[in-house]
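Some structures are shown below for you to check.
Look at the two complexes coming up: subunit A is in both, with subunit B in one and subunit C in the other.
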Partner chain A sequence: MEGKNNIYNDNKFNIRNMMNKGILSSFFSALVAVFLGLIIGFFVMLIALPANALIGFRHIIVGGLNRIGDVFYYATPILMTGLSVGFANKMGLFNIGASGQYTMGMYFALYVAFMWDLPDSIHWIVACLAGFVGGMIWGAIPGIFKAFLNVNEVITSIMFNYIGMYLVDMLIQGNSAMYVSDKTRTQYIPAEVQMPSLGIPNSNVNLGIILAILIGILLYIVLQKTIFGYELKATGFNRFASEYAGMKGKRNIIITMAIAGGLSGLGGAFGILAPSGIAGSSMTYEPINIIAPAGFNGIAVALLGNSHPIGIIFSAIFISYIQRGGTLASLAGYKPEIIDIVIAVIIYFSAFANIMNTAILGFIVRHFGKGRKSGNTLANDDIKEAE
Partner chain B sequence: MGEYIIEMLNITKIFPGIVANDNITLKLKKGEIHALLGENGAGKSTLMSILFGLYQPDSGEIRKNGKVVQINNPNDANDLGIGMVHQHFKLVDIFTVLENIILGVEPNRMGFIQKEEARKKVVELSEKYGLKVDPDAYVEDITVGMQQRVEILKMLYRDNEILIFDEPTAVLTPQEIRELLQIMKGFAKEGKSILFISHKLNEIMEVADRCTVLRKGKCIGTVNVKDTTKEELSRMMVGRDISFKVDKKERKPGDVVLSVKNLNVVSKTHGKNLVKDVSFDVRAGEIVCLAGIDGNGQREIVNAITGLEKPTSGTIILCGHDITKASIRERSIRGISHIPEDRHKHGLVLDYKLEENLVLQRYWQREFQNRGFIKFDSVRKYAEKLIDKFDIRSGQGPITITRSMSGGNQQKAIIAREIDKDHELLIAVQPTRGLDVGAIEYIHKQLISRRDAGKAVLLVSLELDEVMDISDRILVIYEGEIVGELDPKTTTVEELGLYMSGAKRDNVKEINDGREE
Partner chain C sequence: METVYYLIQNTLPVAIPLLLVALGGMFSETSGVVNIALEGIMLFGAYFGALFVYFVQDSGLDPQTILVLGMLIAAVAGLIYSLLLSFAAVNMKANQVITGTSLNMLIPAIILLFSKMYFDSDGVTTSINFYIQKIPVLGDIPVLGRMFFQKTYITVIIGFILLAIATLIFYKTKFGLRLRACGEHPHAADSVGINVYKMRYAGVSISGILGGIGGFFYSVGVMDGNVNGHTGVAGFGFLALAVMIFGQWRPGKILFASLFFAFLRTLAYSVSLIPFLYNLGINQTYYRMLPYVATMVVLAFTSKKSRAPKAAGIPYDKSLR
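Now for the complex of A and B:
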């Protein structure tokens, strides 16, 4: 007993123990994923257009700095869908339905914006809340199916992406107060209902990003500090143990999916209610039978952020940053799709981030951490059941 | 040289926070059965995993027939003729026995599996060594004992000559254990060398030629089994004297705490009656043991009492309250503590810290939460108290990730949690499975302390010694029915075995009625 305690104290502050806490490890693996993704992206550019590869790559790396307002603006919706996917994932649920929830959120927000007559000061707030409710409903239904009928949430939520999208397209086209049929888009939203801008020139960045970051922090607190978070994570790690401990699994599944849906819905509201740089215009919804890409980007954001709310804040901003740089790469003659390839590679690498961080950190500790008690043991996270 | 087929010299292996193997030397002679004895966490499995190529030692070397060899993975081990039967079988449930045996070394012609060829060899082997298996049965349908024979056949099929058995008897019935030990002796006679990991002294005394004892990662010594005694081995293993007799005072049972009436459970998958009209009482201050061979309805009865599964019919009354339809949480509040059969599946959230697991049944109580927020300092303080009181050992104290703890300490954590919680009835399902003598002694003491504190204890066990030593009353279950009620003071292990195998039965209802009169 004493011997063991000594080892524990000696090693209190070395890399190994920080690794054990998982924070450094997931941050590190995300960085490695990003790094490898960029290198491979560079090679892709080199093959596509060798002469301009360096200039184009420079745009990708630092281009976002010139458009910092846009970086945050475009980060807002994917941050919300990322939080949505990550939150459900903490309970072991895969919310692939973020797109549908996002679309429902947009519709509810639009409906309140056009159809409800409210004082200017609270109109956008109510519209956002309506978006939250819309997403919540769309998330809760797959949750109910999962809880009571054990229908896989992946299947139902994919179906609900389509159902939500077609339903919203239909409802909008059928509402003459909202829809301008000859332009195949919704009316401009009155300026009073748009979200307050943050006033950065040449950018639509608005209060949404600040709210989204605050929500991320709030989720972190919920997951780490509350009983609900404790139950949610316990269920995600081991459903049987949570049941044994008397947790209400069915209720928690529905609540988790409802919250996840609400987060996506709020993302939709933030997206549609964003202020426009051009006076007298606004964001519009075009009912053209396309599933909102924000939902799928959210899956990528959540993966890169390792489903950790704070990690997701950073990964959303990062992905938005690199997307802005990617659009600039077109100045050097590149198709913007090239950046989609780079992002895809990053996500791809982050999916096996844990293997990489084991290998790389193991290497570092072996070569630079000699003499430490905890030598080459990094590779053993999953085989610690030595006895 | 030449005498030893395998030598593991000065092996050291360090895991975070723990030295699993500290300069251990183990030499295996050709044709011997060499036992490896030690408590949980002593480093037995680590040492064998190194030999099997699952881990690399930090220092030390392995020799085969005097030549240094490098074993990087199980394939290397296999090439050297080393085979292993793991404690948890590594079989594909939805494959047949034959498919499992040839998995990885399928005989094939141009990519087409030659099953007949394989079948011939498997049948030959199974007849030669008396390993009865049905090559075409699916693994998910066969008994644990037969699954183990499949694992053994896997080694033989690969022509392994060094056989590692990692706690092979933990999952077997007494009859199956006897059979297995015979088979092992047969192998040794054939010239195969066997490493036998165990902490069951009786088995070691019966089959092993020599025995190496490990304690806390260190090698305590290697002894010739015929020159030693059980007591000496246990002293070497634990470092102190162990009493094999359980110290138990007479105690008069009090009021009925748990009353199960006419319980029936019908299987949802195949409609069979898994529990048939079972009725029994458990009183305060007594340990009632539900004895039987695995899979005779014990699990269903426990699930019905704890609320994990709803019974088809019947009533369950706890301290005068009908809890048949109550939620799991409500039963817990009313006074049921439950040490589950599968500590990894039900008992623990392995990815949680030890302290988080210690409050798994109580996190929602006022002591640990305020308006939905967990009070982390209270949790930490409580965890430290339990760790201290129940001597739960781990690398990093309350913040150790539970997965990294040894099986015995994981079990201690569950026991600490369930005993420290307010309870009237303690249900312990195979609480000592897979644990070593020291831990077993400890757990038995805890169960008896509960009884002496006036709590009702329902023990479900497959270990005959445990059943005889601990319980005040034995209910034998066979095919979902209670076929006998025995008094451990007047019955024998043989008689108990007859009831368990269905060879003998009483009309228990009459016994019950008779007693009440």
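Now for the complex of A and C:
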């Protein structure tokens, strides 16, 4: 890679070099995916209720601004699941099981919160750690299946989404200390086990978002600066070559999936231990046999952030931002699901990143990079290198 | 014996959607495109089929005619939806798993949005009764007649006909052979003049048709005419993928595998009717988990010597030939 770059390095203003680092190009393709997602969302709104489409769309675009605290509040769980999916993605594993791991982590955290008697100062910390462990177990299982039995991790994690959901719903319904049967949901978590609030007026934003961002930065360091991170990415590029170079592929698969699961589990803990709007209350869980949407939103977050921990931090905040706008769109007669449509379309188009990068790069080279061979063939080469 | 009859009568309507969707997955994967979107395709087909039934149910048409027409609508809907996957996977060379996931997420959101806005519910529920007490003549055959032709749905018979057609196409036509070539070694197929892009479009489209029909049959035979965005098709699309892997991408084995899974699911939902299991006093949720756990066990044993099409999941790039 280095050698080839030198050919172009004579030019000072070197877009291509920036592209090679993959940062600019993935940012552009994310931008295009978001743009297309919003446009198609607008068309869906036009079809659903033409008269209010513009008002509704305005809510989606700027509605989140009025609720910045909530944006960060709801960004926390999907930031964690996003990091989880992105981390596994770096190794070429698709962790579609973030939902199950999230649910498991949530249950473990709830269990510690209700059943263990601990000093107030460390209770929520232990509950979070328990969530990490719960998610880790649920993530490690598909890893083990993949490493030793060659079962595709996509199918395994989907199955474990369902198994985890049924299991957690059953365990919660069977536990009278947690479950209030006439409200069909869990009790409020005692105030001392809740995540410490950041004390911003009119919002419940809590320590969770700070921790999640710190974890994102930590993951970035692990991926960039440690041997483990290097092995992980190498395995993601070419599993056989990395095994030939002496890296322990099977061990790395299991560790990666366990960490990814743990991150999702931590997301579940952050989500359920958060204080909620009414004083003294907290988030509750309703066991109604539905797979946690946080996991699937995490996939969107990770793809939009190009699986890069820092990118994921921003994409989680963005997704949460338009979700807040989506809830406001109900004022104009729409339903919050409009945002799920936008998110799905964004994922659909981010899968095109390859082709879009090539097109955008070709466009930029043609218009700004004068004096070089222009056209798609060059651009194609560069993309391959950037990958 | 009553229990045996009951279980068989209830297993078949559950097995048929699994069978059809798994066959769809087989066509898609043997052409070289991994179809995670089956879940979404099923739901899309089911929703439009159910919408059609909803609008004509009071027109006085014969229920079985409505069912067949609904099936055709569902097939077309599934085909159209699957084009989104073909376009991404074939033309745009996108990651097929990611595209599939996005298609799975898209359709429940669309159903919820429109149903909440226009029906004030999570989906659509039809009130027509497709249930057949007894099929004339065939239903009178001793033992077998009672097992297969009483208290059933016409979907079961259609399902087996489609299985036969699919098997014929898969093994006995030029098209089937070419399709399989594109999933094993697309470059070799291309070199002898087969248009890999077209074949992949065909494979995914067939999976769209079968997926749409399977989804509609699921809503008829399993959900009693209800289609909603919350539960969707309850992971049947994913189970069908597992059935396909368990069936090693071969129609005959897929039939066996889908019967196996459907039987487990029927057992799980009829525990209270079977005194022996009920008296064991095991929490019923364990039985609900059974099909998914069984999937894992089965995959653990079959994946080592997997006969997956070699090029499945890899976008075909002519220039790499």
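To be clear about the criterion, the second predicted complex is superposed on the first by the 361 of 387 C-alpha atoms of A that agree within 3 Å, B and C clash if a C-alpha of one lies under 4 Å from a C-alpha of the other, contacts with A are read in each partner's own complex, and residues count from 1 in each chain.
Please note the rule applied: contacts are C-beta pairs under 8 Å (C-beta built on N, C-alpha and C of every residue); 3 or more make two chains touch, one makes a residue touch a chain.
Note that the coordinates shown come from a computational prediction; the quantities given were computed from them, not determined experimentally.
Enquirer: Mind working out whether A:Ile155 is in touch with subunit B, subunit C, both or neither, as first, second, both or neither?
Expert: After superposing on A, A:Ile155 lies in contact with subunit C but is clear of subunit B.
Enquirer: Looking at the overlay, what does A:Leu303 touch: subunit B (first), subunit C (second), both, or neither?
Expert: The second partner, subunit C, only.
Enquirer: Identify the partner contact of A:Gly246: answer first if only subunit B is touched, second if only subunit C is, both if each is, neither if none is.
Expert: first
Enquirer: Can A:Asn238 be said to touch subunit B (first), subunit C (second), both, or neither?
Expert: first
Enquirer: So, A:Tyr188: does it touch subunit B (first), subunit C (second), both, or neither?
Expert: neither
Enquirer: State whether A:Phe27 touches subunit B only (first), subunit C only (second), both chains, or neither.
Expert: neither
Enquirer: Please output the residues of subunit A touching subunit C within their complex, sorted ascending.
Expert: Residues in contact with subunit C: 44, 48-49, 94, 96, 145, 149-152, 154-156, 158-160, 162-163, 166-167, 169-170, 174, 289-290, 296, 299-300, 303, 333-335, 337-338, 340-341, 343-345, 347-348, 350-352, 354-355.
Enquirer: In their shared complex, at which residues does subunit B touch subunit A?
Expert: On the subunit B side, the touching residues are 13-20, 40-46, 49, 54-55, 58, 216, 306, 308, 327-332, 338, 340, 345-352, 356, 360-361, 363-364, 369, 372-374, 376, 391, 393-397, 401, 403-404, 406-407.
Enquirer: Can you tell me which positions in subunit A touch subunit B when the two form their complex?
Expert: My answer: residues 1, 3-5, 7-8, 11, 16-17, 20, 225-228, 230, 233-234, 237-238, 240-248, 373-377, 380, 383-387.
Enquirer: Would you tell me which residues of subunit C are touching subunit A in their complex?
Expert: Within the complex, subunit C touches subunit A at residues 36, 84, 88, 92-95, 97-99, 101-103, 105-106, 108-110, 112-114, 116-117, 229-231, 235, 238, 241-242, 245, 283, 285-286, 288-289, 292-293, 295-296, 299-300, 303-304, 306.
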